[in-house]
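Starting off with a structure, shown below.
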Amino acid sequence: MNIELGLNKKVRRAYGIDEIALVPGKRTLDYDLTDPSWLIGDFKRDVPIVASAMDSVVDVNTAVELTKLGALGVINMEGIQTRYKNPDDVLNQIASVGKNDFVPLMQKIYSEPVKEELILQRINEIKEMGGIAAFSGTPQAALKFKETLNNSNIDLFFLQGTVVSTEHLGVEGKETLNIKELCQSMKVPVVAGNCVTYEVAKLLMKAGVAGLMVGIGPGAACTSRGVLGIGIPQATAIADCSLARDDYFKESGRYIPIIGDGGIVTGGDICKCLACGADAVMIGSPIAKSSNAPGKGFHWGMATPSPILPRGTRIEVGSTGSLERIIKGPALLDDGTHNLLGAIRTSMSTLGAKNIKEMQEVEIVIAPSLLTEGKVYQKAQQLGMGK
Amino acid sequence: MNIELGLNKKVRRAYGIDEIALVPGKRTLDYDLTDPSWLIGDFKRDVPIVASAMDSVVDVNTAVELTKLGALGVINMEGIQTRYKNPDDVLNQIASVGKNDFVPLMQKIYSEPVKEELILQRINEIKEMGGIAAFSGTPQAALKFKETLNNSNIDLFFLQGTVVSTEHLGVEGKETLNIKELCQSMKVPVVAGNCVTYEVAKLLMKAGVAGLMVGIGPGAACTSRGVLGIGIPQATAIADCSLARDDYFKESGRYIPIIGDGGIVTGGDICKCLACGADAVMIGSPIAKSSNAPGKGFHWGMATPSPILPRGTRIEVGSTGSLERIIKGPALLDDGTHNLLGAIRTSMSTLGAKNIKEMQEVEIVIAPSLLTEGKVYQKAQQLGMGK
Amino acid sequence: MNIELGLNKKVRRAYGIDEIALVPGKRTLDYDLTDPSWLIGDFKRDVPIVASAMDSVVDVNTAVELTKLGALGVINMEGIQTRYKNPDDVLNQIASVGKNDFVPLMQKIYSEPVKEELILQRINEIKEMGGIAAFSGTPQAALKFKETLNNSNIDLFFLQGTVVSTEHLGVEGKETLNIKELCQSMKVPVVAGNCVTYEVAKLLMKAGVAGLMVGIGPGAACTSRGVLGIGIPQATAIADCSLARDDYFKESGRYIPIIGDGGIVTGGDICKCLACGADAVMIGSPIAKSSNAPGKGFHWGMATPSPILPRGTRIEVGSTGSLERIIKGPALLDDGTHNLLGAIRTSMSTLGAKNIKEMQEVEIVIAPSLLTEGKVYQKAQQLGMGK
Amino acid sequence: MNIELGLNKKVRRAYGIDEIALVPGKRTLDYDLTDPSWLIGDFKRDVPIVASAMDSVVDVNTAVELTKLGALGVINMEGIQTRYKNPDDVLNQIASVGKNDFVPLMQKIYSEPVKEELILQRINEIKEMGGIAAFSGTPQAALKFKETLNNSNIDLFFLQGTVVSTEHLGVEGKETLNIKELCQSMKVPVVAGNCVTYEVAKLLMKAGVAGLMVGIGPGAACTSRGVLGIGIPQATAIADCSLARDDYFKESGRYIPIIGDGGIVTGGDICKCLACGADAVMIGSPIAKSSNAPGKGFHWGMATPSPILPRGTRIEVGSTGSLERIIKGPALLDDGTHNLLGAIRTSMSTLGAKNIKEMQEVEIVIAPSLLTEGKVYQKAQQLGMGK
């Protein structure tokens, strides 16, 4: 709070992941000595990547494949998969609509009700194929479908809104979600978000969440920051919430993983989030680029279908390779979007970090020129880091 | 004054609204619990938006519609509406002229004299249709037409120049406006501006103004900042003037609303201005985009017609929807330019602010990467926040 | 020296004119009360503008017209005007050569020797037409042509190199210019530059110069900063040198005007230079845009013709109006490039500055968003401030 | 460590070479008095430029010519020259492949094994033509080919990896390079890198290296910073490592030259690196632009051929002149890419620096606007500094 915005306000400076760089220390490591595994609930995952609960990113097949690759995929419980028995037609419509007609189409598609039986069906399909059944819902959906979920084979529940808080003031007479009660009454761990501050992170941990999604509005297809003016750039948000995790761990003995969510395009972005303190990241657009993604080369924000205030758009991300190539390589692209696990482990080996905990402690510098210094040709020719 | 510009100058850093972000606190609210209403003079308005006194933005019909939507529209007393009995031809000329011929055309159009009877006619037309009759004039026009206005049905007068001060040194023998006398002798409240500093804001409040417009040169079609080098970015300007309002309120018991004027393109921009301390905003280009705006898809700065030193240009803003859709939604666009009231209230609900006063107290961070972090695709494809 | 560049270096931050803004104070003035006149040698000039000693900017006719408009124009004593009896052919060649062949053409054109008789002829032509005969030369040319100039009708001599110093170490046996001796032995005042620091400015003043040009490398067509890595952004350079002027004035009673030279595109840029402490500005590209300029719509840097290391390029500036319109208006453009005097005086009136001395004392803020805040349409449509 | 990235992290700000500028002092020098020579091992070089060990930059012929021009060229011991007896076909393939097929082609080309006899052949070819035989290898190659090199006519060995450290933790049972042992057992001086911090630089010097390459990821064709998130902008990296050199010199009496490597496009960039503390620079793309370069107008990063995680791309740099013209001029381009030695010496003369040591002590300022101030036309027209 050391900057004077104006005579009436002292404020902080917050940093984005494009403004920082990681600094090699005096030790380096062999690639094979790095271990980026992490724990969410009781699930140990070898890859610190969670695919976002977005309709362009995760469906039943990709959720299963992500599980097998050592990562995790979350299905949007209020998305196309649970509104439509046969989602493919709808996904094709979205992939082929013109950019001016996109918002009204989305508003129409998402006006179809979510169906309880489809939620159960999708959970069962994943379980039958050997996947981890992780589903996300908004606070309203959590209230509505809690019993359904408790009677299902679900493994993990992600309570996800643009912003969540433990203290939501509702209109009198209308039921409001109590996150503490939800955590106690759900039979599976509840991962919650999104939040960006130490205080809210700590309150959510005290309420019993099993993981925390950090990030408001940085998503590639999200426009919330423009529409609402709200958010904190990711480097600072993750750093602040990570301290809440560490403090809470000291107080309680419970270690709640921090999942940096949004604004991540390359392997380098993931590494920076881990170094800021995240235990894993949640990514949408990098996974939507896989040839098996339900978005068919497109990706869209989950606040887009709002009937009154859409806060997301549709971007074209293309299909650049298989999901396996994107997660585990080998890479055929030089821009950090293939072999994300290889990028994480190579970065760890270069930085001398054996595991995520050591990665969280590497030196960071503020370095806005990291991505532009010397890159005039790449930028002019839209290659590599200049794409 | 802690930065050394050079050996002879210590200066401050001033911030623009693109450099800040709003931070959610520990409380969130239901949308229905938010109340963004405010008071100007004795008029309570449900929408904290004033449409600019610009010829591309407000005419009689839009002024009336804005009143009915809970907002406010101001008519330029020295504009096309009061120079021409039938302004439509002139507006069509402006909308169809090539960009190289624009300035001379404007200089010609605005050389036609302002007519007292048209001022009175426009006031009466608004009143007959149930609108609030708010008109703006420069200091020179205020001197010239004060009696006319005092004998009319006008509701609010906006005294507006690029920069106003309570201490204007005039050439000897030439009458100079005394703002204090004007406020005392006008039968309606006088809202004045523009200013950007604590000191001038305080002096104008002491002179008796009923509202203050804050902002020099940020307007979408304005070029004053380039031509004159003058201005303070809006976040700091609003913050400084808001402290003047609070201090003056403590001293006098009079609460003078601060109206952030200029530089506002999206709902997020409005929310940021409120969080910096504004009670409402004055916007031009976002309203000029309505299908009923007099600008017919174009928007131009009010210092453009100057016969010797034009300081505004004409921009094409398009026609994206009805005035109602822009103010109250539902939005069909995902970029924060439809449903501005919805954006304000959603932001307030997310930030836990019940009313404008609480909105003025939300946490702000300096966050230049807020609008770019993760948005590479939107920028490359000119979608959403990348438009 | 409060910033750590690295462990071995403490450095300062220097600011450019695009990073600052001027802040209106509590007083405003009528336009007619502003007086931007200044004194160079014994010449009082009503317009604080000097046209650069560049071949695209000043020839005999424009020098005379600038004198009559109240400004000043300097002729390059080692340029096309003094190498060629009939420069028009050469100027046409430059205006029509392709961009890849420009440098070799320049190297060839400037290999023609400077002719003493043409120097004298140009001086006489100006004097006969009633102009002020101001000529510039490098240190080498000053050595070579000093006697010629002392036997001519010259009014002012500008000693101008990319960088000048009072302590130049030469190769043994080779004559080196002593600026103090030059100032004493020239019959006319010597204006010198360029420099950017307090220390050098003070030493040059002590050596007897009658004016100081401040700025290294910001010129529109100059590439020295890229080729050599040298320079200080103009706001800081002018501020530092202005303090040297004030300190020297206190010590000696001699007031040496500071001329901000380079990096100036608009009226706003000029106003910012004056507010940083300049008494006048030297401008090239804005004058090269006049329909009577010798550059015929083009402008080039004076270090371009170097046979071994060109440090300037040729830019197309177009011809946008008469010299009178550019200096005194009325403006037909809205981007601050017409009516520069009007812009200066309007800015002074808005800022409450009666004269240059008061203009040098107006409040400045660091405001990088001054020129971008709210200007998305102008930038996208390349209009006004977005050109 | 004075900036709060977040509540859990205090960090430093690091600066890139585009963010700084060099400040002329009170003395200037004749060009002929400047001496930019330096010493690497026992080789005195008149030009402080080393051409990068990249396949697009140095082959036998260019290595020899660089020696004769007073500079130095390093051959990549694991590149095309040592994998293929007749490299020309392969180089033509690289120059003609489409950008989407580039990575797989590179992966294929570099899967051909390195041949011991070709290493020896290239060394002998250089020696026979009178050149300095400088070869680079990764730590793995150093282990593998150490004996071969010790039995050859090599002059200098460059141990080069993206990041090297003196403390590399290897998988048990796998041999790991000990840099100290390597330096002791090699018959020629070992120059090592890259590194970016004081601590690692000091440790490498203590291990016995004869020179240090500083810079991680700034190279024109490198994408490591994007893929891994790692690096420190060059100005700070060079400044930090230079202090290590000075401290080590005080302790040991051995002076280890610092070679700024990467991110350098123009003469101005070289000058800035020297002023930050470098003794010389290693450059790739500026040399790849020579008409005799093996890249044939293209340039690519050396981490590109990685079979699992490519971290470099191919950029088109064109062929703009002979190697002699690029190093020693005369320049036919105005953008600082011809006559690099002339740029260094002109900058030294302007800054009053007689030799590299004095150049390392010139004043630097943080000046992000150095390269943009006043350059609107160059940028819009892609000329000079706007290319």
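For the reader, a short list of remarks on this structure follows.
Residue numbering begins at 1 within each chain, and the chains themselves are lettered A, B, C and D in the order written.
The rule is short, and it goes like this: contacts are C-beta pairs under 8 Å (C-beta built on N, C-alpha and C of every residue); 3 or more make two chains touch, one makes a residue touch a chain.
Bear in mind that the values here come from a model prediction, so they are computed numbers and not experimental data.
Overlaying the C-alpha trace of subunit A on that of subunit D calls for a turn of 90°, given as a multiple of 5. Residue numbering shows that subunit B and subunit C use the same positions for less than half of their mutual interface. Computed centre separation for the pair subunit A/subunit B is 38 angstrom, with centres defined by C-alpha atoms. Residue positions of subunit D touching 2 or more other chains, listed in rising order: 12-13, 15, 236. Chain contacts in this assembly form a single closed ring in which each chain touches exactly two others.
If you check the complex, the residues on subunit B that touch subunit A are 12-13, 15, 20-30, 32-33, 198, 235-240, 242-243, 246, 266-272, 275-277, 329-336, 339, 342-343, 346-347, 350-352, 363-378, 381, 383-385.
The touching residues of subunit C, counted against subunit D in their complex, run 3-9, 11-19, 99, 102-104, 162-171, 174, 176, 195-197, 199-200, 203, 216-223, 225-234, 236, 262-265, 285, 299, 301, 304, 306-317, 387.
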